[in-house]
Structures are given as C-alpha cells and as structure tokens.
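A, B, C and D are the chain letters, set down in written order, and residue numbers restart from 1 in every chain.
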Amino acid sequence: MRKIGIIGMGHVGATIAYTLVTQGLVDDLILIDKNDAKADAEYNDLRDALPRNSHYVNIIKQDWDDLEDVDIIVTAFGDIAATVKTRDRFGEFDLNAKNAKQVGEDIKESGFDGVLINVSNPCDAVTQILQETTDLKKNRVFGTGTFLDTARMQRIVGDKLGQDPRNVEGFVLGEHGSAQFTAWSTVRVNNKIALQLFNEADQEKISEQSNKNAFAVANGKGYTSYAVAMCAVDLIKAVFSDARAYYPVSTYDPEFKTYLGYPAIIGRDGVEELIELKLTSAEHEKLNAAAQKIKEHVDSLKKK
Amino acid sequence: MRKIGIIGMGHVGATIAYTLVTQGLVDDLILIDKNDAKADAEYNDLRDALPRNSHYVNIIKQDWDDLEDVDIIVTAFGDIAATVKTRDRFGEFDLNAKNAKQVGEDIKESGFDGVLINVSNPCDAVTQILQETTDLKKNRVFGTGTFLDTARMQRIVGDKLGQDPRNVEGFVLGEHGSAQFTAWSTVRVNNKIALQLFNEADQEKISEQSNKNAFAVANGKGYTSYAVAMCAVDLIKAVFSDARAYYPVSTYDPEFKTYLGYPAIIGRDGVEELIELKLTSAEHEKLNAAAQKIKEHVDSLKKK
Amino acid sequence: MRKIGIIGMGHVGATIAYTLVTQGLVDDLILIDKNDAKADAEYNDLRDALPRNSHYVNIIKQDWDDLEDVDIIVTAFGDIAATVKTRDRFGEFDLNAKNAKQVGEDIKESGFDGVLINVSNPCDAVTQILQETTDLKKNRVFGTGTFLDTARMQRIVGDKLGQDPRNVEGFVLGEHGSAQFTAWSTVRVNNKIALQLFNEADQEKISEQSNKNAFAVANGKGYTSYAVAMCAVDLIKAVFSDARAYYPVSTYDPEFKTYLGYPAIIGRDGVEELIELKLTSAEHEKLNAAAQKIKEHVDSLKKK
Amino acid sequence: MRKIGIIGMGHVGATIAYTLVTQGLVDDLILIDKNDAKADAEYNDLRDALPRNSHYVNIIKQDWDDLEDVDIIVTAFGDIAATVKTRDRFGEFDLNAKNAKQVGEDIKESGFDGVLINVSNPCDAVTQILQETTDLKKNRVFGTGTFLDTARMQRIVGDKLGQDPRNVEGFVLGEHGSAQFTAWSTVRVNNKIALQLFNEADQEKISEQSNKNAFAVANGKGYTSYAVAMCAVDLIKAVFSDARAYYPVSTYDPEFKTYLGYPAIIGRDGVEELIELKLTSAEHEKLNAAAQKIKEHVDSLKKK
C-alpha cells in the first residue's frame, strides 16, 4: 500500500493532502504540524470528506513514530508571510533553516528510509539542509523547486499563443526564487523552438513574469497552493510507480555541489539520473549564479 | 460542454473550483468575487496548475455577463469569521442576507436560467433569499444544507464502529445550523438500525458532535473547506448527469413553506422530488422547530 | 507501493487491468495467462496506452515468481463459453476446478501471502478451491460473488423508479449463479423498505432478472466484463486502504461451512468480519439451499 | 452537459464508452451498433456498472435521432478481422468505405452539427469519406490516425531508454497504416534530439516496430482496444474543454488535398490549426507518399 507523511499543514501541505485523498493516490496518510489545533482541523475536515469520496483513506495525525515506514515524506512547513513581505523566499530562510534542522533530525530519529520531497522555501536551500540533517542519500531528497516556475512559464507562453500550456516544453532552472531563469534554449512550442517565437524582450518579460506570478497569487490570496500542490503530487506519483519521468526539480548537482533547479529523472529511488542539457553559455552562467546564491545562504548558516 | 460559475472565492468557493478542475468535471469555469485581487489570485493559481493537470479547463474571471448560459451557479460568498465568533451560522446572517439580495439580483440580470446551488451560510435562509431574488423556480435553487452535517454524522458513526463511513446510511435534517438533528429513525449501519447500536445518550452525543465538528474545524484552520466542497461537487455531478440521486439538501419544503435540510432526488432540473420519510413524532417536531427558526429569520428581513 | 497480480487475461482480467491502470490504482501490475500470446497482447496494448495515461504503471507479464510480494492477487481464469452454452456458471466447473487447483498450487509455491480476490466462475466453488489449495487463511481469500448480482439488482430497481441505482441499498445473496436470490428484507430505496414498493410478483421478476442479466449481456457480446471489473476494483480499493467497507462478496461462512454470497466487512486483511443479517426464514432457507448447492459441487470433486 | 454518440460497439467503441463512463467524462452517452444484440449487451454491461461507478451517466442505445444535438460523435465501426488477416488496414477498406457512406448519410440526416472523431480503419481514408458524406466542415471531422502510432513510438523509445514514455516527444506521421513513418526530426527525449540517441538502423527498427505493434497486439487478442481508446478520449477531452492541445491526428491537409496523419491544434471547433513542421526532405517525401496512397484509395471509390 501507499503510505505518505506530510509535515506542515499550512495551505500547501493541506492542499497536497486533499489532492491525494480525492484522487485516491494514498492508502495511509499521516498529517503533522507543530500546531496541534491546525493538524486537528485539517484531519477532521479531510475525514469529514470521506463519506463523499470515492476512495477511503486511513488518515492519521501527529504521529512522528509512524513515519518510520512511510514511502514518501513531503515537507511543507514555513511561514509564507515572511516571503510575501520581503518578496523573496529567503525572507523565510532564518525561520525555515531552523525548522529544517529540527524536522530533519526528527525524521532521522523516526528511522525513515524512503524518499523526501521538500516544498518548504527557500526550496533549494531547505532541501539541502534536510538532506544533511536527515542523512538520507542525496538522491533520496529533492524539492519541487523550479517545477512550479516551469508550470508558470508554460502557462504564460500558452496564454500568449492561445494554446494549451501542455503544448509548451522546456524548463525554468536555477533557484526557486529570484535567481531563477527560463532556459529558452530548452523551450519548444508545437515542435517550434521558442527562441524563434519570441524576441529577446519578450523572452525577458516572460521569464520575469514566471517568477512574479508567485507574488501576484500570494498578494491576492495570502499564499499559493494549487499549482504547487499539483507539482508535488506529480512527483509523488512518479516515485510510487517508478515512472522515471523527466521533471525539473530541486536536485543535488555534483557540478555545483549544491541543490538547485534542474531537470532529473524521477523514479522509486528519488532522483535516478541528471541529464546533461546543452545550455548556452549565458544560461550556464545564470545557473552558476543561482548555485552560488543558494550555496552562500546555506554556507552562511554553518558560520553561525 | 459543462459550464459552471462560482460566486465567492473564499476557501470554499476556491476549493470547489480546484476540485472541479483537477477532476475534469467542468469545461468552462467562471470565478467571481467582489474582491478583484482575490478572484485574480485564485484564477492565476488555478491556471498555473493547468500544465500539470490531466484536463484542460477554460477558466474565466469576474465576468457576470457570461453567467447567462452557465448550467450551474454555485454561490459561496460570506465571511465565516462572523460564524466562528458567534458559534452560530446566523452570525453571518445580516451580512449574507445583504449579499444574497445583491447576488440574486445580479444573477437575475445576467439572464441565468440553470440550477443554483448555494453553500453560503446560514445556508437555508440564504438559499431562500436567493430563490426569491433570482426568481428562479423553487426546484432550481437548493443548498448544500445538512448534506455536510450528514457526512459528519456518517464519519462519527463510522469512527465509533471502526468502519468506512460509507457503510452508514441516514440523514441529518432540519437546519444547517444549531437546529439540525440526526434523524436516527433513518440511520442504518451494515443493514442494522442504528437505534439498536447506540443508546439514547450516545445518539444525543453523536448528533451534537455532528454539529460541533464544524466549529472544531473552523477553530483550528479558520474555516471549513474540504468536506463541504465534496458535497457541492457531488450535487454538481448529479445535476449534470441527471442522476436523480437521493441526497439531503437545503430544499424548499411545501409543508413548512421554507427551505430546510431534507432529502431530495437531485437531477438536471435541480430538486426533482421530495420523498416522504416516516419520521418519529419527536423527529417531526424537531424538523418543525428548525423550519420555524429559519422562517423567523427570513421573515425578520422582510419587516426591516 | 501498490502491487497487484492478475491471473487470467480474458476479457474480465484485462478489463480489471485497464481500469487499474487508467485510474492510477496500482504501481506494479503483473499480468499472467496460460496463453503467452494473450498475455503479450494485453501487456502491449496496455503499455501502448501509457503515453496517454495520467499515471505511469510498471506492467510486468508472465512472472509467477514476482507474485511472492504482491499485495493482492486477482484470479480471473476460465472459459465463459461453457457458462453461456449451459446458461449455468457450473458449465465451467470441471474446467475451472482443474484450473483453480493448478493456479492455487502455483500461487502457494510463489510464497504469496496477501489477499486473493477470485472472479472465476462458478465463483463460490472456485474461491473455496483456491482457498484450500493456496492454504491461505480463509479471510484472506474471497470472491466477487453476488456483488455483481447486487449491482444488477440495484440497477433494475433504479430503472423501475427512474432513479440513480446508488439510491438502492440491499443485497443479492447465496450463489453467484442460479441459486442466488434478492434478499428483499435488506433492500431499501430512498429510505423506504422495498418490500412496500414492489409486490411479490415484481420482487420475483426483479430477482430473476438480476440473475438473467448476466446471460443477456453474455449472449450479446460473448462475455461480461465492465460491471464485474468495477466490482473487483472496488474490492481492491477497500483492501489497499483498509476501508472496512461493507460489501456482499463470496466469503467463507462458518454457519454453512462453505463459501457463498454474503455481506462482509472488507479491509486490509480481506474479510474482517461477517455481520449477522436478520433474514426472513424464507430467505434463510434460500441461503441454505445455495450453500448446499455449492457444497455439493465442491464435495463432488473430492470424491473424484 | 456533455453529450456523446458512439457509432460502432466493437471492442474499440465499447472501450471508449467504458472509459468515458468510469472517468465521468460524459453526461449523455448514446451507443449505436448495426447489431442490436451487441448494442444491447454493451448498454446493459455498462449500466450494470453504474451502481459501482463514482459518476452517473445517462446511457442511451440505438437512437439515431438523438444524435442531432450531441457535441461529439465517435465512429468506431468495422471488422478488424479483415485487417488482421491481410496485415493491412486497407483489408477493411471495401467494407468500411461502404459503412462510412451509410453512416455518414445517417449522421447527416440526424442534423448533427458537432465534431466527428473517426477511429474506423483505414482511418485516413474513412475519415475523408465521412467528411464528404456528412458534409460537415473539414475541420469538424478528424481521426485518431497516427496518434496511436505516436503513442507506440513513444513507448518503444521509452522502453529502450528505461524511461517514462511521456518523456518522449515527437510524431509518427503519414498514414495510420503501412505508409506511416516516425518523423525523427521531431523526436526529442529529455530535451535531446533523438537523432543523436539512435543510429539510422535503430531509427528504422523503431519506426517499423511502431507500425508492427498493432499486429502483435491484434494477433494475440484479436483486436486492439486500450491504447486507441485512450487516444480517442484525449481528443474528446480537448474538444469539450477547447484545450487547443497539439496532437497528431488524421486531419485534412490542404497541401496534399487529403486526410493524413499530421499534428494539429485541437479545440472546440475540431482542428483549429495546422502547424508547419520543418521536416527533412526525406520525411516530406514520405508524407507525400502516404498522402498519395490514401488519395488513390479514396479516388478508387469514386471510379466505382
């Protein structure tokens, strides 16, 4: 059976739980939050939904010990208010670095030995801290990273052409944050190279908008939840079925010795493989800049 | 194709939208909120999710004119804070009575001639106001009402017996509010009459808990969203497919001359039929009490 | 992850596989048939569907050893032609008794220790043989039995009333075969006792039609597949999620010391519990008659 | 609401119906077959499944008049035996050209004015005959064509690399038949041009295998059903939601003045747009050869 633990019952964690329950993607689902009342509320709301759901799900709350044999842990802790206020996901860094260390240690203590998918921000740095503190193998720990930014880019490009965003291929890379960039050399729409569809100014605008959309959403509703939940759910599905699907995630990159947003093959063992992209030198430079930014933040912690 | 409008992008309206989108239950989906930024945020978050969804959906925002030819309108406006504060859904009455009149008139003006499903609280009274102001036929307007309370009762009974809540049949009737009651004469579990499974004290406790669960959830997360969204979605499905399914909803009851929570056959024309239940006289009295409470509130408006 | 083996790639086995794949209900799926070309064809057709499916699934073929650690085995072998020809599922008995012994031994040899759900006909007798030859605990082995006949009864009653068949509660019991009967004392529609909705002649007609529908379908298309596959899939879902749902299945009944169609609580351990029904004495007699018929057939084998 | 008619209740038509019903993609579904008993059997088997389905569907049979206001007609008539025997889909041509004319006239007479999706073989030629006899606009009539062959190519390439077939982009073009070819210039895996992944011999082998897989499946089970049904369902979804998705279908190509397999943007109006591909001259030649083959067959009819 499929067993998942979600740590952090904010809007993102709860939406992931709701999606897993309504789509019948999980058998045992453990909900954890440092705020008992919050965990309780989501637990009760989801369980009140079961009589109307076409799948039964065992929903369990606040049981850290039970994480020992879950297949997948999703971490979705944090406080987006700090991100929205500073318009930078590193606004949550101090808080979430601390959270990540504590959560990572607690996960380690539980004996968990599965795949950890991190959604907490700043995603790349937090994913790295979680890998280090849980002591899980690097491939077993990855984040949603620029998967969400990629979806936003696909959607913006689709809008511009009046088409299904699923017609758009390609990636946003680097940091799930301000150092992200659309790797236009990877983008294709309807088998056409996107570089030929958009001039440089348009490319720049789309790339910026993919990043800004997060704040447009967060300003209006106080957080973002639906798109990021769908990204997490696709990653969960790929792990369970050993899909070896090709998705841009926050993954450890041996070249840069840090986690960053880069496409990877996702299967039952987490990140199964990184595929070399033929990036332009300008894109590679941006990737390097993102890597340096993430590293600096992670390193700054170690000096404290 | 299936076309739905949702008025009110609070947590409930947005969760209904998300569920419809992720389950492929709608083709054209119009999102409306008096707060432009809120409508915008949900619109963008949902559209950012489309690249990862297995269904495309046309999502439209803030277009009242486009309601003319939608099949179903869901109303989910209001401010749950007032309900949570007073621990009574009539805490939202003044606000939502005003909302309902405005929304009802705007719907009427749009030329809408489909089925209206109301989720706004106090559900029964607001449904009645919406019926009166939209001037739609009574059967075309109904509310989620005690469908949600029924789910909660099923879940609590299921918990007590350690079983799937879908094993539990029967209804919570009356008001989607404090005048609600579990009609124990209708409840059966595993083909056994529930009256024989629980003594009177237990019956009373379960009945109260079904009502209180709403506040337990709302206290912990500030609102309730998942279970009620599932109820609304089941009603939407029944209307589209003309299922003639048997669900407890907030329906106009000719006996009491008011909307109240009672089981009805739901099909393409909304409420197709009310089925006579053989309630005990105590239950009938409680139903009457709920009806009087709802009527008094609705009538109080007319005197203003 | 969820791992399932299906033995028998006839129309029923293949339709179950297709349903599991398209609904994302399985991660590893093993397809087995004594006819290599058949297994190969279904394997290839399903795998050709994966690029268009919203779930990846590991599909494996003809690997008996891999059954060792599957969670659920579905047995769907047989040759419906013999059933259609004789208009009695015992037309397949000689063939399937032999199949069941062989398959049961092969399953035992694989080291399988999960839950076995049998669809092969005559369902009750074959389920018993499979339990005996696999040596699995009795609760771990059950069949779709009269779950399908119950669906047919619900649908016929729904048709008569112009309503959603899911409004109809109650059971067909006894044998998934000619000794089946609608236990009218258990049937309710819209909270009304069905005995009051239909006179005795109608009851008799509906009961017969629920049995005959199988042959109406099989005569027209050569087999039946969709409804029975849906029954099997619901049982699979209940086992994975430990739903403790209440379904009529072919279960071992200690009172009659045989497998027969009777409602049971289905969970992760298979049949978790039998619930006592208050059948009328006429119904109990029919249940007994069905039990004797099934026993005689199973016993006749032992004398050979 | 969504209304669909399926003409032809062979394995393909019935599997499409089953998929639409189980996934809740249709509200009114009309099943038509020249063989009453076959239509009846599928109708009954599907309706017997409704009590266990999470969606109700109005299923109707043999009602040509009711096609007047359906949104989409799927044509799936024919006799695959002739195709399997001759190992060429033109083995069904004489039969299906006759069927197509009759069906086309009957559709025209019904007053149908929606989108027609043809699955019958030889797909390109039959689609053209249906367009001509129904007198529907060319964009409103298209076929599954090489969408299925494309899925097969994706799956074979995915297999070779041990990856999710959805990682593979690109198209099989030309004829849904022996004149089909993998347009390698369009194929990419993990952002890599497939031409660099496979040498010419491998390319040739994969291209052939994509074509041969159909017969491998058909030889083993007597027909193919699952993969092609999934293709048809994706096209149906794109039409309902006006997705403007980019899929390879059998579409009228003004350059060649015939239907053939080529990628198109699919929306509510059927084929919304053809996108120019930068094919190599060898590929363009193959496309031309396929077009000529299809045209010759269609023209040969007119001389009769």
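Going forward, contacts are C-beta pairs under 8 Å (C-beta built on N, C-alpha and C of every residue); 3 or more make two chains touch, one makes a residue touch a chain.
Each chain and its UniProt protein: A, B, C, D = L-lactate dehydrogenase.
Predicted model, so just to flag it, every value in this text is computed and none were measured.
The chains that touch chain A (L-lactate dehydrogenase) as well as chain C (L-lactate dehydrogenase) are B, D.
Where chain A (L-lactate dehydrogenase) touches chain D (L-lactate dehydrogenase), the two copies mostly use the same residue numbers: shared numbers make up over half of all numbers in play. If you average the Cα atoms of chain A (L-lactate dehydrogenase) and of chain B (L-lactate dehydrogenase), the two centres end up 34 Å apart.
Per-chain Cα centroids separate chain B (L-lactate dehydrogenase) from chain C (L-lactate dehydrogenase) by 37 Å. In terms of their C-alpha centroids, the spacing between chain B (L-lactate dehydrogenase) and chain D (L-lactate dehydrogenase) amounts to 42 Å. Touching of two or more other chains is recorded for residues 23, 56, 164, 166, 238, 243, 245 of chain C (L-lactate dehydrogenase).
Considering their complex, residues 1-2, 23-25, 27, 55-58, 71, 237-238, 240-245, 268 of chain A (L-lactate dehydrogenase) touch chain C (L-lactate dehydrogenase). Note for the complex: chain B (L-lactate dehydrogenase) touches chain C (L-lactate dehydrogenase) at residues 54, 162-164, 166-167, 169-171, 186, 188, 190-192, 238, 243-246, 263, 265, 275, 277. The touching residues of chain D (L-lactate dehydrogenase), counted against chain C (L-lactate dehydrogenase) in their complex, run 14-15, 18-19, 21-23, 37-42, 44-53, 56, 148, 150-152, 154-155, 158-159, 164-166, 168, 213, 216-221, 224-227, 229-231, 233-234.
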